[in-house]
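Structures follow.
Each of the next two complexes has chain A plus one more chain, namely chain B in the first and chain C in the second.
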Partner chain A sequence: MASRLPPQPGEWIDRGTSINFSFEGKGYRAFKGDVITSALLAADRLSIGRSFKYHRLRGVLSAANHDANLLVETTTRTNIRADIEHPEPGVSYRAVNTFGGLKRDAGSLLQLFSSVLPVGFYYKTFYRPRALFPIWEKLLRRFAGLGAVNTDAPIRRWSRRNRFCDVLVIGGGAAGLAAARTLAGRSLEVIVVDENPRLGGRLHYQGQGDPTALSVIAAAEESFGRDSGIEVLTAHFAAGFYADNSVPLVGPDGIIQVQAKCVIFATGLYEQPAVFRNNDLPGIMLASGVQRLVHRYAIAPFDSAVVLAGNREAYRVTLDLVQAGLNITTIVDMGDGSHGELRERVNGHGITVIPQATVISARARGGRLAAIRLRTETGKPEITCDGLLMSVGWAPAAGLAYQAGATMEFDETIGQLVPRELPSGLFVAGSLNGVFDDDALRADGEAAASDALKCLGLVSPDNLRPRRSIERHSHPYPIAAHSRGWDFVDFDEDVQVGDLRTAWREGFDSAELMKRYATVGMGPSQGKTANMNAQRILARLNETSVQAAGVTTSRPFTHPVPMGMLAGRRFRPRWRTPMHACHVARQADLMEAGTWLRPRSYTRKTPESAITDEYARVRHGVGIIDVSTLGKIELFGADALPLLEYAYTCSFTKLGTGMTRYIFMVDDTGTLVDDGVAARVSDDHFYVTATSSHAQAAVLKLQLYAVQLGLDVAVIDRTFRVGAINLAGPLSAQVLASLTGLDLSAQAFPYLGIRFCQLDGTPVRLLRVGFVGELGYEIHFPASYGPALWRALLNAGAAHDIRPFGVDAQRLLRLEKGHLIVGQDTDGTTNPYEAGLGWGVNLSKSRFVGRHSLKVLKTQTARKLVGFTCSEPEGRMIEECHLVIEGGVIAGRVTSVAYSPYCSEVIGLMMVDLALTRTGRELKVKLTDGGLAAVRVAKTPFYDPDNQRQHLHAQQTVNTAK
Partner chain B sequence: MTGVSALEPEFLGDSSAGAWVFNRDGSPMVRSEWWYHRATQLWFKVQRHTGTDQIVGVELARTNEESG
Partner chain C sequence: MLKQSPIIGCFAHDKFQFAGVNGMRIATLSNTSSYLDQPTGDYVADLSAIPKRLVVGVEAPVWLAQQGIEAPSGLLQYHLIEDGTTVVKLHHQQYLLISGISIMTRLPLGSVFDLDEGRHGNVMVLDYECAEIAIGGPHLAVLLAEFCPMDFAAAPEGVWIATPMAHCEVSLQLNRTGKPACRVLCSPAEAQYLFEIIKDVIDQHDGAVLGFNDYVTIIVNGGVSQP
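Right, the complex of A and B next:
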């Protein structure tokens, strides 16, 4: 029977404050400082969880975060570790992973079928017949996994903080505190992090006979603070180790990302369980777990207990617990029991020591431990007890050190993996280093601090490292495999010795393979209490040393981290164009286009008619669109031309002064990455535009190529300092003429020309381009003039019913004209030949980016971007990325699609296999609902194929305007 | 800051074009990389060991215009 003890020295609970909560529908009372586990044990509730696979009842093992036996959930949170979670007042908790509650979990019936559920059973069984897999999957998913996520739970966002420090000490136990003390008062920024709510580690709960331990902790808590330079972060754990000594510390308020010049790993050890039949029964605990319960929460988890001893620590624990008032009857010593003075003291308390014995099985009554069976030199006696304490060995908490690049070796004397080599700036201190006595732990911490000081270039005394312990602290093989199983190696995953043997027999005979096949170490506690024994078993199966058996790769995180903490707060730039306020005033429907906010259209009520209206104004009258998101790059210098020739695929030799041309860029694989317009202002001055999403990358590349080639050219990014408006439509010249005296005639300002002038007092560049397929002028101007110019254009065009148009209307207009959009009609694999842009590649140039690839690709074109039309009603259901199906296989995909008012049918672009690109050919497009739509390959442009609109209207309008 | 690959070579046989693009040696060693400092819009030539992240050398990359 478990119960609360009288007050213990240094206990973490405040008996004056009670907290009421419920578990599995029953009310419980906790003291402030209690964890859920301790509060339940105080009420003699031992069974708190169900295991993952066989739904076996589970109780406390480590009473720390080292195992995942006790996972509970509330209505909003799941997989809460009962061992470390403080119960909240009024909250209802329940065990995860049960069918119908903890007590009568229907899933526990699976135990009856364990003999036909060997390791690998699911892999081997449920993959066929293939048709049934969806059913199996649904069933298995219900059985697999732990807590259920409530997707309606309120979303919490944590913000991440960044910190820098000189030394980060991970672990606030004896060695960590000694290291911190050595570093204090030296004008260093030091952070000591410990996952427990209080400092001290094992100092707190081991060796209570020694009152100096508690005073060491009290002194540290008192002296550390701002003045000492030591900052203490308790209730935070170091979750992983990343490049440049970057360590995320996870605490209740989110992640603190620390970057430290030096790191001291004082992370200590995880106590390891013994393996025998029914070693998972509630009542069988790690000895250190019981010490935590006693000294932190004043919990006696049993009436009468046996200690299974694989090391000298077992005797110290026994003496400690007896002193705290617990009843221990027997020590079952796996060795010869010759522990000298310790043995005598134990005997003095009337405790029997049985040497050369081990526990081979345990028996339960009423869901808790009732008796254990031993194998001794003389027989197999049974001992009645309701508690069994396992003190058989340790495994290093070396995950972070491994991630940092440490190499470890197995010290056969102490029976433990210890660090061999560490990267510079990283140090290990304490029991992780294989030192155990209090004095040695302190000395090792001080020595690690001295090493860190030297690494920081500071003077420091030569503190010699204490010698590693020379006695055995871990039993070489605390495993008593049982012919009838239930001898658990991994409690998380219900992995038994036989499962590992099966895996090995089937060829999974290395640490990494065995892990994946038998799932040992793959549960929520990531093998903290399983990997060491699995490694020993593997070594024995392979008839090799533990060192040679090898360990699995350590990866973040030390403990699970909530996704919301990893996500942090949502930081995303939203760039606004100079005319943003004008769009808002016009009630534009703003959309995110990359990082920019752009008007989709100018009414929120009926977007479809708004788009049609805006489209019609451009086709038949005049409209303006904000195109300030375009990349705008200025090139000055004698080598501006060679730079363009290298960066772009086309030849610039024919580009005359005062003229522009369409350009595009590929990467070294020949993939289209950007397009735009280049204007020759003068021989040493070019003006280039880039797509909105690629603008910054284009600037970077141009600047890089310039330095790589040693060219005499300055590349200046004007994207944010220059705004741009496209004035388009047959009446655009008339609007423009009313604002400038510039000669707009076709002779003075031809199609593709660039001119400098003033528009209503604004200095502008006019580029005659035709993206939307109408007479049009791209007006570029200093950004601050944007709103005034926007209004001036609207006023000047009022007589012609000018309208602003948005991105959607522009997309429809350009689609009718057959102009592609890089990134929409192309993807990360599209080359210019496939996109029908081969005319813009000049392979006779001796050198440009992508030339070698394009030379090869030119001869290997296997698909092409073509137009299509669809006059059937189902054409309206075609969406971008719908697949083209030919002969039952995928033959292409739709990249753009819209209903064209001009063609009176659905039009679009699609990338299809070359064999299917004959104009007029019928193709099938698979719709979202699974149906097929028949489309016909069509010539592009759909609208004005001879480009008449650019020439006719220029003359007409100029004539009428003058 | 970004690491960026080398210049497009001027001469390559057709057969080695694919090798130049796709089969670059990725084994860890000291490599010459181009790093960009966004705030100053300057490119640096950095010698870095790609296995240890150790920076062996840094050189400001200049255009002719700046150096001349």
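Right, the complex of A and C next:
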């Protein structure tokens, strides 16, 4: 049985402070510093979880954050790692992945059907008959996954912080500490990170026989004082390695994204299990796992144990544990057992050594290990024991190094993958590098630090790297496959040796293919205790070497990271216009237009009637719309005009001061990318607008062109600093006249004019332009005046029943007028000739962006943007991007469509093949349901084709105002 | 007509008093903050009412010199003028003037801030509409580390820095010595989002949200370190 030992030197528990918690409905007591598993073991509870596929009982394997079968949950959190997390007072924990609790898990019945659930069974089984798939899917989803997320649990926000340092040392074991000590006090910023709550790595649990081990840690900690430049981050793990030496460190409070000039990987090794029948029984553990339990938490996890030895470390562990008071009866040595002085010392403790033997199976009683069966030179004896310690070898913790671009090779001498090449600025130290002895670890850490110093351009002594170990530390094949199975290679996914053989037989004979098909290494521990044995098995199946068998690609994350931590605090800017609060106050239905928030309409859910109402106010009265999202650019300087001439397709020579004109921009290929209005304020001062979605790009292009051409012009982006309101409708001049003394007559302020004035005391620019097809004024003003000006306009127009209108009404109004929207009615290939804007291209200009392309495109236009109408009922089902079909092939697409109150039918714009653009021609549009709607090509504008509304109403309204 | 701070919506009407400062309606005094009694923790304040002007043109350095202001030569370099005005070179041919906070005692430079927007001689003077947020306190470094992906330690003390902050493009000036503080300039469109997310962190650390006048009283006149 498992029990608590007397106090151990350097133990991590505080026996003076108790914590009560419950697990699976039963109360337990822990000491402060205990993890959940140690507290349960102290109460002789060995079975703590169920396996993923077959729901087999599982206990502690590594006690090192790799025990994926020991995930527990509470009412608010799931997939808590019981082998590293401390129990919280009063909290109830339960195992994940059970049906009816840990003890009576109905899922364990799956073990009875294991013969019909081989690897890949779901690929082969559940797709036929097709009708049954929904049922299978429901069932499989119920069984798949670990833990359940409680969506009602309180939301916790983790932080994601950025940090910068000179050297990041990953791993605070013997080598990492030596590296950090070498770097201390050199005016460098150094971060030492370790996943354990204390520094020291295996010095804490494997060095107890050596009285200097704890003093090594203490000395290192002492040297990391205030002025050392060393920052220690314990309880943080490096989750991945990204470009520019960027490493996310995941800790209890969130992620610290560290960018380091140099990185030292002192990440150590993962101890590997042996494979034999029932090697997953509670009571069978990695030797280092038992050492952690003993030296950190003073737990003896068994009464009587056997050690399965594949290396010399097994003898050292045995001596260490015997010294701690544990009862070890036998060492089953997979080799010849000739370990000299170590063997003698072991024998001196009365421990039997059985050489040339291995464990081939284990059996349980009461859900825990009861006995093991050996294969020896003389037979297959059984040994009664309740503990089996596996000390058969190691695998490098090389995930981060791989991600950083390291290449590894298999060192046959020590039986381990070791680094061959590393990218610049990255260094490896310690057992990851194939050194094992304490002195070698220290020397290797110091040498890695010296290399880092030199990389940083600092003077450093030439610390020579110690020689790699010449001793074999890993057994070449610690695998005893069993004909009756339950010989687990991967404890996370319940992958057995037979599964890998099946995968191999079916052609999945490379490391990457086998991983995908057999799911080996794909569980929460990411193959830390599985991949090495899988590689050995694959090598044997392929009759090749471990090196040739290859490894799978390592990708972030090396260890699971909670989604909430990845998300961090939610940084999602949404741009608000200056009048945003006014829109919210009027209960606008806000929509995302790119990054901007804009009112779709001024009702909560935007029924069609609301759009029609807003539309009608503009057509017949007056409305205002917030158009602050428009790009606004100021050009100032002697070369402002040459810049415009170069950046836009039209000519500006005839644009008089105080006037505006429609402009558009193309790229080098002649593709239409932006449109807007340019106003000439003075000879060296222009004010330009751009589309909302392209404003920043337009500014950058103008700035780029100015630099490229060496022009004397300042390009100032005022998009965010200037607000804009469009006052539109036949009564708009009347509203405006009540707020300004400016002469609004057609003569004094003609269509396309720009004027500077004050509206109710606010300095504004008025642009007489009309996107929606009615008399209108774009009012531009310093953004902070926005709310007051919006209210002033609404007050001034109250007598005319002025209403704000949203984007949907605006789009309908402009569609009736036949105005296109760049990006909606055009795409990434549309040129001005296709869009019907050829009149705005002045090829007689000697140079402008896209000129050469446009010259060619002018003669090669193959499609055109045209209007269409549809008076049939199915016209209401036409949507943007529906395809135009002619002769059974695609002949174009609908770019805009809406029901027009003015035309009393559906109208729209479509980009179609040039041959189909004759007015009146009938075309077919394919609807979402597969049906076809007949439409007719129509002339645009649909509304006010002679543009009389601008002139007629300006005259009328000003007369009325006067 | 009063301007309105782009951040005004972040200040609860029952917890702050509002008034016009430099022609801008802004939260001035907190009704509830205990920061006045113990100004030691973190704070955030809206200083958008501090006047700012952008002087544009190839002749801008000459024009500024005529006003008694030496134009910085390098991008984002700045000069601090006697009356507290800061001049920063924001871009090619573009110089930002930021008034000192004690606007009541402005020296002749005040005339620059009183100029109407438009052409003045060979330069154009524009109203530089932006939000200004002051942040300070012991957790400033943590906040900046979370919000900004840059190594501030590599920047000289007091320099203006253009950086993303919580995914918004801002200019900020950082004072790391003494009590850490910084001032952040951001676009009005992003101001409310940015202020809210900063306030969220300040709240986590039991910090205070200050009005404009609170800031002047505690931070400027009270001797607490300011940027």
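By our rule, the second predicted complex is superposed on the first by the 638 of 962 C-alpha atoms of A that agree within 3 Å, B and C clash if a C-alpha of one lies under 4 Å from a C-alpha of the other, contacts with A are read in each partner's own complex, and residues count from 1 in each chain.
Note that in this section a residue touches a chain if its C-beta (ideal position, glycine included) is under 8 Å from a C-beta of that chain, and two chains touch if they have at least 3 such contacts.
Everything numeric here is computed off the predicted structure, so don't read it as measured data.
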| query | Of the partners chain B and chain C, which touch A:877 in the superposed model: first, second, both, neither? | reply | neither
| task | State whether A:712 touches chain B only (first), chain C only (second), both chains, or neither. | result | both
| task | Return the chain, chain B or chain C, that is in touch with more residues of chain A. | result | C
| request: Could you say whether A:370 touches chain B, chain C, both of them, or neither, answering first, second, both or neither? | output: neither
| Partner chain(s) touched by A:522 [first = chain B, second = chain C, both, neither] | neither
| query | Looking at the overlay, does A:637 come into contact with chain B only (first), chain C only (second), both, or neither? | reply | both
| query | Which of the two partners, first being chain B and second being chain C, lies in contact with A:784: first, second, both, or neither? | reply | second
| query | Of the partners chain B and chain C, which touch A:455 in the superposed model: first, second, both, neither? | reply | neither
| First (chain B), second (chain C), both or neither touched by A:574 | second
| said: Output check: A:849 vs chain B and chain C. Expected answer is one of first, second, both, neither. What do you get? | reply: first
| request: Jot down the residues of chain A that show up as touching in both complexes, chain B in one and chain C in the other. | output: 637, 703, 707, 712, 714
| task | Going by the contact rule at the top, pick out the chain A residues touching chain B in the complex. | result | 243-244, 637, 639, 646, 668-669, 700, 703-714, 717, 846-853, 855-856
| For the chain B and chain A complex, residues of the former touching the latter | 2, 4-5, 7-10, 12, 14, 17-18, 20-22, 34, 36, 41, 43, 53, 61-65, 68
| chain A partner contacts - residues on chain C that touch it in the complex | 1-6, 9, 24, 48, 54, 56-58, 91-94, 116-119, 124, 126-130, 142, 145-151, 153-154, 166-168, 187-190, 192-194, 197, 200-201
| task | Enumerate the contact residues on chain A facing chain C in the complex. | result | 159-164, 189, 256-257, 259, 568-569, 571-578, 580-581, 596, 634, 636-638, 682, 685, 703, 707, 712, 714, 716, 718, 720-722, 756, 760-763, 782-789, 792
